[in-house]
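In structure tokens below, several structures.
Heads up, the next two complexes both have subunit A, just with different partners, subunit B and then subunit C.
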Partner chain A sequence: MKKLKIVCFSCKFSWGYLTDDTLLAADIKNWVPIICAGKIDPEYVVEAFTRGADGVLILGCPEGDCHYQDGNLEARKRLAILRQALLTHGIRPERVKLVLSRNPDGKDIPVYISEMAKTISSLNQEPVSTERTS
Partner chain B sequence: MWKTSETGGAHVEQAIKQLLPPCQIKCPINEDIQRTNVLISLLPNTMEEARGGIIQIGEHLYERNPLFNICGYVCGLCELECNYKNEGGAVRRRLLKRFLSDTYTDYLKEKPEAIIVKDRGDIAIIGGGPSGLMAAYQLSKLGYRITIFESGDRLGGALWLIPEYRLPKAVLSTTVENLIRIMGIDVRYNSKLGEGRTTVKRLINDGFKAVFIAKGTPNARQLTFGKDIVEGQELSGVMYGLDFLYEVSHGNISPDYFKNKKIIVIGAGNVAFDTARTARRLGGDIAMVCLECEDKSHRDGIPADIDEIRGAWEEGIKIHASRGVRKISGKSGKFEKVHCPRCTRVYNEKGFNPEFDTNDEIVLDGDIVIITIGQAADRELLKKEGLLDELGRLSADPHTLQSQVNPHVFIGGDVRRVGFMVEAMMEGITAAESINQYLNGENLKTVKKDYEPFGLPERPMYKQPTEVLWIPPEKRLHFQMFEKGLTLREAIDEAKRCATCGPCVSCKACISIGFEKSLYAVKVDEAKCSGCGVCVYICNYDSARLKSKDGKLTSDTDIFRCKSCGMCVPACPSSARQLVDDLTAAKISKTLTELA
Partner chain C sequence: MATKPKVAICWLGGCGGCDEAIVDLNEALLGVADAVDIVLWPIALDFKYHHIRSMADGEITLSIINGNVRNSEQEEIAKLLRQKSQLVLGFGACACFGGTPGMANFRTKQDILNWVYKDAPTVVNPNKSRPQTVTRVDEGELTLPEFYETVKALNQVINVDYYLPGCPPPTDLIATAITATLENKLPLKGSSLAPHKSLCDSCPRNETKPLKIKIDEIKRIHEIEASPDTCFLAQGVICMGIATRDGCGTSCININMPCRGCFGPVEGVKDAGLKMISTLAAIIDANNDTDIEKITSQIADIAGYSYRFSLPTSMLGALKKRDGTQGEQVG
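Entry: the complex of A and B
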């Protein structure tokens, strides 16, 4: 089985801020820490799939903890709509995951990524493009 | 663990008008409250790991306020204006600072001495209370050699009168002793103004370039009724709260001094409550008498903090509100009774001017009466030092604190106007700035700063404040702290409540720890903008706004309110918004390109 490509965006205010980015990056491929989940443009998610990603994981702050008041909830709203749109193109909702939680040392980030990879591979062994017809 | 860097330091600029969070405006010294809250909310989960972060936060606070360890126990003025107060309760900023204090006070003992070249001359400071210490700190930083002339045998001034159940002596002494050590400030104890060589004239002759008078208000105010001094104040068994608290702080009063005694405390300010609650802890049965009424929201309401009133009530102290004292009577030179007519009104249009109904009078018996109705400066001494003007006022410019009768002299703190600790500290800062300008031959700044507060940003949910735990009243009649401090977990959660309503320029917490490179400006491409207003809806800070230009609606961004969060950028349906110099999009593109 080929290694799945999961793109991960994580909010800096809840995820991995106690560990040096470069240290964490050694364990996390395709990872972009970002100031707020609410800043993630759905277009980035679409682009990730067009470039061959198997899934996109977005890590935001727990409800009520967003430094910018409601960026995490904005992200949730946008992704809910985006999943609908992606489905019409044959991309299953499970391929876009949002976790609203907190992990300051960032050690859970690779765990979430491998969990997601497992879900996707059990979903469908085939590449993204074939889901369109399923 | 993150490391804060200097480039991310926040400073309140000396602007004429400036937007700030309301807590920071309320704080007389404009402390970086929001920044502290944000950094506390990002501390690690164990004390062992968090210690380094706490000290970094403390170091930043110390730069502005070397007495913050003490403020964390006794102040909390900022909480009165917290925007969160209408959404369940103000962010408990005082307890957050006390949380920092508990680690930082220990660290102070090992904090290295500041390396400063002091070649700008000598300055004398009369009085080692909060105002004098603050001025000494600021002037030392500027390179002046400071000598504090302290009338007593310890530094801290009136802070020593705060009972130990509210402010542990160890916190106070560690803070002031280390301040002197770190800044290399000379102190001459038992040096009273007007005695020996400690007169304004001699100090100037001895080479001190300026003198800052911050000698506080050592004299207790006598009880008056109408325009007359109330008779009976010379009786044995009549004392003044200030003297009483002073003796207690020196350990001169035994723990059961008031056992089986009935004590009457006159007054309703915070000092009166300190007196009553201290006397209660010495075994007394306490009744308070005050002019003010129980309804704190009323113009004539009790002026003390609500927590003091609640604490006293819980501890079994009876408050006879709306009562004045007409007469103190006794037998064979010993106090026996106070005669208390009803006070019908405390303030009128002209200010403090109590009115009484002498037909409605109660008489209270007691063994001791303690008068705590305020304090005053030693006017005779100030007159002798030539500091009063022709009208007999201690006149100093309210903005610069320079004496109007002697330009070498600056006056601040309680001696000028009795106030909160932090107000005295602010006067110390102001005096230091003025002295520096005066000695540099510059014009003294007389402009009052004007700040405009931010409102509460739109939030989807508000959280309740952390519960403040007090030891139950039956178990707290001793001098240990009765209020429980926050645990690390509670501190992180409480700090996370902060809605960070202030502008980023006064905070920069995210920049100081490398979350962001700078505060990006939002640029709106007016050609693309359709004026739909989605950005106005999405912005939680009232920063994105619509304006009409040449008959066309377009949006723009108020840079003072913008937090550079970037939420409006993906929200814009016509891609008209972008963050200038923000590299996030480029980083994402690079990562996605590398996928293939």
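Entry: the complex of A and C
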């Protein structure tokens, strides 16, 4: 089976900040540490798909604990709407995932990526419904 | 007597509204007709394509092309005019971005043909006929243009020198564009001959826009008595003006309808739809999953709202339908 490409954006304030970035990057392909989940514009997600990603994982701070007050909440709202547009275009919402939590040593990042890859590989058998509503 | 510059006006996959907008120049059109030789205008004048084929390359000063490209005939005409023209102006939303017919790209060609010739409830097609590019009959061979997989904007088929968006472009911008061409006062190639800012910049309702818009309900325009003076977004109605290029003269806003985005993205933006999604998320007043779900589920069709005119040239439109009906595999 072809290895899936998951692009992972993770907030530096909650994910992997106690670990050397270079060491962690050796274990995680297509990993982009960012300053806040609220920095993720829908363009970044679509750009990742354009460049061949099979899924996009965004890791933000726990609910109510964003360093910038509400960046994680903004990310959640954006993705909720973006998923609707992606679905209309034949891209299942499961391909974009947001996790709001904390993991200072970053060891959970590859675990989340692996879980997401597993979910996405199971999507192959389930095409998007194109039932017409009118 | 100096030779007048030659101008071609042509429609591809369009509705004719763009040609009508040129006619709406009214008396000014007479001035244009005096200043140029119109060598092609299928909707108004009886020139034939073989007249164009017989011309030298670059003989036409300006080709004004409206409509998108969905079939092989449209592509052939677009390429012919490109070859014969010094300048090509992509005219109207369909030529610039794919336009409303571009929303067909949300579906596959197969899906569209199935619906039109088989599945739609009004279809009666006992012979299961489908259009063929070549059909042999007793009298000879009948041909039809090939229906392409997707709708394309003009610049996805030929090089386009300038763009004049709108559905249709307003007469003041048309007159300015034609005058600028004739007087050789055009900006850099690739430019849109329209303002660079967003529609909010000239919207008469801008003053009513709160410093920070917060909405806890999203409504469609027909579901409310919309105030004729207040910012649509502040009323909870999705208005694309914030992510759309200015220049239309707020014609929809003036009749109390929200902007649909026919002028496409503002200068420097690749995908107006994604910017609209970002904007909409920012003004939704929700602090937890339940409220986010409640409010976002009120959006009837975000893809339709955001990409009503621009899907073929958008970042989203360029994506492969990974989970589509054609069984495309991941990766």
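Just so we're on the same page, the second predicted complex is superposed on the first by the 124 of 134 C-alpha atoms of A that agree within 3 Å, B and C clash if a C-alpha of one lies under 4 Å from a C-alpha of the other, contacts with A are read in each partner's own complex, and residues count from 1 in each chain.
The definition used in the following text is that a contact is a pair of C-beta atoms (placed from the backbone, for glycine too) under 8 Å apart; a residue touches a chain by one contact, two chains touch by 3 or more.
Here the structure is a predicted model, which means the values were calculated and not measured.
Asker: So in the superposed three-chain picture, is A:Q69 touching just subunit B, just subunit C, both, or none of them (first/second/both/neither)?
Answerer: Touch status of A:Q69: first partner only.
Asker: Figure out whether A:I91 sits in contact with subunit B (first) or subunit C (second), or with both, or with neither.
Answerer: The second partner, subunit C, only.
Asker: Between subunit B (first) and subunit C (second), which does A:K107 come into contact with in this model arrangement: first, second, both, or neither?
Answerer: neither
Asker: Between subunit B and subunit C, whom does A:V32 touch in the aligned arrangement: first, second, both, or neither?
Answerer: The answer is first: A:V32 touches subunit B but not subunit C.
Asker: For A:K118 in the superposed arrangement: first (subunit B), second (subunit C), both or neither?
Answerer: After superposing on A, A:K118 lies clear of both subunit B and subunit C.
Asker: Contact-wise, after the overlay, does A:L4 reach subunit B, subunit C, both or neither (first, second, both, neither)?
Answerer: Touch partner of A:L4: subunit C, not subunit B.
Asker: Applying the document's definition of touch, where does A:D41 land relative to subunit B and subunit C: first, second, both, or neither?
Answerer: Both subunit B and subunit C are touched by A:D41.
Asker: Per the definitions at the top, what is the overlap between the subunit A residues touching subunit B and those touching subunit C?
Answerer: Touching subunit B in the first complex and subunit C in the second, residues 5, 41-43, 47, 63, 73-74, 78 of subunit A appear in both lists.
Asker: Enumerate the contact residues on subunit A facing subunit B in the complex.
Answerer: Its residues touching subunit B are 5, 7, 9, 12-13, 17-18, 30-32, 34-36, 38-44, 47-48, 51-53, 63-65, 67-71, 73-74, 78, 104-105.
Asker: Can you tell me which positions in subunit B touch subunit A when the two form their complex?
Answerer: Touching subunit A from subunit B are residues 1-2, 38, 42, 44-45, 49, 457-463, 496, 499-500, 510, 513, 515-516, 538, 540, 563, 565-567, 569-571, 584, 587-588, 591-596.
Asker: Using the touch definition up top, name the residues of subunit A that touch subunit C in the complex.
Answerer: For this pair, the touching residues of subunit A are 2, 4-5, 41-43, 46-47, 49-50, 54, 63, 73-74, 76-78, 80-82, 84-86, 88-92, 95, 120-121, 123-124, 126-128, 130, 132.
Asker: Touching subunit A in the complex: which residues of subunit C?
Answerer: Touch residues, subunit C against subunit A: 106-107, 111, 115, 270-271, 273-275, 277-278, 280-282, 284, 286-289, 292-293, 296, 299, 301-304, 306-307, 315-319, 321-325, 327, 329-331.
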